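Read from first to last, the chains carry the letters A, B, C and D; within each, the first residue is number 1.
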Amino acid sequence: MDLQPRDTAPGWKRTGYRIIFESDTRAGMAFDVLLLAIIVLSVGTVMLDSVRSISSQYGALLRGLEWAFTIAFLLEYLARLLVVRRPVAYALSWLGIIDFLATIPALAALVLTGSQYLLAIRTLRLLRMFRIFKLGQFVGEGEFITNALKASRYKIMVFLTSVLTMTIVVGTLMYVVEGGQNGFTSIPKSVYWAVVTVTTVGYGDISPVTILGQTLASLLMILGYAIIAVPTGIVSAQMVAPRGPAQPEPAFKLAVCHVCQAAGHRPDAEFCWRCGERL
Amino acid sequence: MDLQPRDTAPGWKRTGYRIIFESDTRAGMAFDVLLLAIIVLSVGTVMLDSVRSISSQYGALLRGLEWAFTIAFLLEYLARLLVVRRPVAYALSWLGIIDFLATIPALAALVLTGSQYLLAIRTLRLLRMFRIFKLGQFVGEGEFITNALKASRYKIMVFLTSVLTMTIVVGTLMYVVEGGQNGFTSIPKSVYWAVVTVTTVGYGDISPVTILGQTLASLLMILGYAIIAVPTGIVSAQMVAPRGPAQPEPAFKLAVCHVCQAAGHRPDAEFCWRCGERL
Amino acid sequence: MDLQPRDTAPGWKRTGYRIIFESDTRAGMAFDVLLLAIIVLSVGTVMLDSVRSISSQYGALLRGLEWAFTIAFLLEYLARLLVVRRPVAYALSWLGIIDFLATIPALAALVLTGSQYLLAIRTLRLLRMFRIFKLGQFVGEGEFITNALKASRYKIMVFLTSVLTMTIVVGTLMYVVEGGQNGFTSIPKSVYWAVVTVTTVGYGDISPVTILGQTLASLLMILGYAIIAVPTGIVSAQMVAPRGPAQPEPAFKLAVCHVCQAAGHRPDAEFCWRCGERL
Amino acid sequence: MDLQPRDTAPGWKRTGYRIIFESDTRAGMAFDVLLLAIIVLSVGTVMLDSVRSISSQYGALLRGLEWAFTIAFLLEYLARLLVVRRPVAYALSWLGIIDFLATIPALAALVLTGSQYLLAIRTLRLLRMFRIFKLGQFVGEGEFITNALKASRYKIMVFLTSVLTMTIVVGTLMYVVEGGQNGFTSIPKSVYWAVVTVTTVGYGDISPVTILGQTLASLLMILGYAIIAVPTGIVSAQMVAPRGPAQPEPAFKLAVCHVCQAAGHRPDAEFCWRCGERL
């Protein structure tokens, strides 16, 4: 996504872009650090406003600050739209959408009470932080993690689907075993309990009471304890050899010999290993 | 297990097989996607039916849907039996048993109240999903995970047996230490507590109260925290070097063809894969 | 430890040894399987006896069974002593001690009520199981795990000491922060809470209530969540390369050049890399 | 930091340094072991003093012991200052600060009640233990762990920042979803809950009650369960190949000596380690 203004763009546009989007100049760095500070303060304000004892005392002040931050974000958003080469491309990019969402909730709160808490979505803007330290180690490290996760995504999806299937089956079993008692009042609740258990979170808001239920739960726990090794192994393997065992090219040809039906030929084999016939 | 009808089978059988069992044709893909949707809806219906507030309002509708799904699964099961080459082999295969079990509970519920919840076993049919995406990455990734687990199975069994022995010993000790009080009312209950603790689930429905009990529990927790490294290490090691330290048998024959000097033959190859000469 | 009787020992001794200690003959295998079954039954009996509702009904039967098992173990222990070459060496070995302890609690219970529960120590005898399957994969796998743990023992001790120090410091801090309230009634209790938290067990029998306490607890949790990577990494690294990075021979010579004081020479260097002087 | 007194320093200073700071002489070893014992006893005393039932009975004795230990630590601290070459450098080093802090709380308690519990900071002195076993394996192992963590620090920071951002966003969502009820009384409390959940600690002091809340919580748990793989993978990868993918600078100079053809020189070597020739 190339947002940088053309060299033929007016000077204020190019200067603005450098300050707002880049951080390799003094002014750009200052802008980014200031922006980060405002984001942190803004999220802090929303959090404090939700604490009843603080809100009742300093409510007016906090609400005033929230409006000030909202206006600042709005202005910043408009400025970003102004200086980029293709405003629509920016507005539809991930960062653009987050920047936009950071301004909406306060406006929406004029109409709908409660939506101001969604201001906390501004926290996502903290991810900009990594951009600021772009010149440092962070981008590379972030990419290393992201790439390892991306390369493992099919494995992780297979794993999560299996775990999910397991929680549904075990959750239903527990609903039947505990007889709809002891918190296992419906299958969805029992599935929720199974997720709480298999992930080893274990709130204890729902826990089995019957002998059979506790035995089943023990099995689920030990399973959850053992299979946490799977995602860990996947990501570890990926990080140890980022390009190694992830996409193993097929070790054998998929074709079958038309004479002796033998399978398992080398990918580049031209003759059957069993009967010597041309494949 | 070769279920595919012979080439001499009637046309409708071969076409039916392609549609129901394969997903490489348009109709086959459509069938599988439709089946998946019905499975998801069916499981959702059972779950909703177990929620009292929903069941009391829409009970009749939900029960009607369940019957519709059951009939659909029954017809599908019969169709599968019809088109495969060896119906008995299919009926006794894992997938065949799951397909059969998906139809039973609703019928059993006519006789035995409560058994309709076992319909949730239909969730297992979701595993078919991986078959549908067979052409994609999923089968390979699933096999990668399964193989790593399979290769580690002896190590994991040794590990789990050790953990289980430990929980029995510590559970009994806690029963003696806490004097049958504070939830540790019997050895099986104490062993259940030990499992909850060593797997770091920690419900808190039973927790030690005496100083000695808490000290012993702390030791168990730290042990559980440290030894989770063992299954993780096992699976990681397996995934890093899938064929490495576990089964060190050579993947290929070490011999070289005396005619074309090609290497990399299968261990049991009798003919060269490149020139077809007898090795 | 060579327990096998000499070739000059009487025939019954050698035959007895083969049956009792080995499992490569038919009789030896039968003996071991029978022993395993008795151990499992014996542990099960003790567990059932601790459940009040069962004990009040079948108490006499269970106690009778326990005595039968105890006598069986006693006879077995004496038989083992009889057939080995050096009875003292066997009696002082790990397995010998466990075999002995399996008989003691029932006898002690004649004098001291409650000690019969220590019969559960018999569970440790289950570890014999691995001996029975000696011919299979298990011994090798067990050794693989044990060796990896043994090679990592210093690292794991350093890690556990660090974690323990951390829990004591954080536990004390929490005692001060929560003001001896909300379950944090003494420093040992607070340390117990810190262990429960850092290991991610999280019973919830004690949990922070003040804002400062919850903040501190959050930090401890995130720390515990992140550092679980350490033992896992240690064991994984050990298992991936069982002999690799564990005992890294010093990469550099420890000596210092007597002329220019330069350090970091190769282990086999004879001349200083900086000034060229003979070391 | 070179604390060792010059060779020209008076004899008592050099002897004192050897005893207090080193542990390679008999007296030095004895001093260190004695110090360790006092540290352990001192921490134990503070812990016992915080238990009400013990404090009310043995309070005077415990307080007396605390003073004795404090005086011992004070004398030790002064002795350390006396024998080192540069007292200020020592006083400002990590170990110097910890040594100093070990004496302060008892003195502060004369003025401020409650501060005596901070004596537990003495626990940090236990880390000296590793110095005592310096000649053994421990320093190397500790360094191995520390280096692996140090090399992973950017990755771990990126990971923790992402997790933190996630907990703030999810915490706020839960505050809105649960409507400020069921323990989710403010955003900071909800964020605390999110941390408790994502780290799989799961106290259960706050847990979702609404269907939507439980669904959201389930997602967070599964996420937390899956992403624990990330720090584990990072540290594992680091430990498997301590110098591998992170800092790929060559450990040795690639050049070869033109006289003796020896390879494996330090990157900054100017002379051959085998023949002493200028490279």
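The rule is simple: a residue touches a chain if its C-beta (ideal position, glycine included) is under 8 Å from a C-beta of that chain, and two chains touch if they have at least 3 such contacts.
Here is each chain with its UniProt name: A, B, C, D = Voltage-gated potassium channel.
This one's a predicted model, so the numbers in the text were calculated from it and none came from an experiment.
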- Copies chain B, chain C: same or different interface, half of numbers shared as the threshold? different
- Query: Counting a repeat as over half of the contact pairs in common, which of C-D, A-C or B-D repeats A-D?
  - Reply: C-D
- Query: How big is the gap, in whole Å, between where the Cα atoms of chain B centre and where those of chain D centre?
  - Reply: 42
- Length of the line joining the C-alpha centres of chain B and chain C, rounded to whole Å: 31
- Message: From the mean C-alpha coordinate of chain A to that of chain C, what's the distance rounded to whole Å?
- Response: 39
- Quick one: chain A and chain B, Cα centre-to-centre, how many Å? 27
- Going through chain A residue by residue, note those that touch at least 2 other chains and give them in order. 159, 188, 191, 200-204, 228, 232, 234, 236, 240
- Which chain A residues qualify as touching chain B in the complex? 154-155, 157-159, 161-162, 165, 168-169, 171-173, 175-176, 180, 185-188, 191, 197, 200-204, 207, 211, 214-215, 217-218, 221-222, 224-226, 228-230, 232-234, 236-237, 240-241, 244-245, 248, 251, 264-266, 268-278
- Task: Spell out the residues on chain A that touch chain C in their complex, using ranges where they run on.
- Result: 200-204, 232, 236, 240
- Note on the structure: The chain B residues in contact with chain A across the complex are 43, 46-47, 50-52, 114, 117-118, 120-121, 123-124, 126-127, 129-130, 137-138, 140-142, 144-145, 148-149, 156, 159-160, 163-164, 188-189, 191-192, 195-196, 198-205, 228, 231-232, 234-236, 238-240, 242, 251, 264-266, 268-278
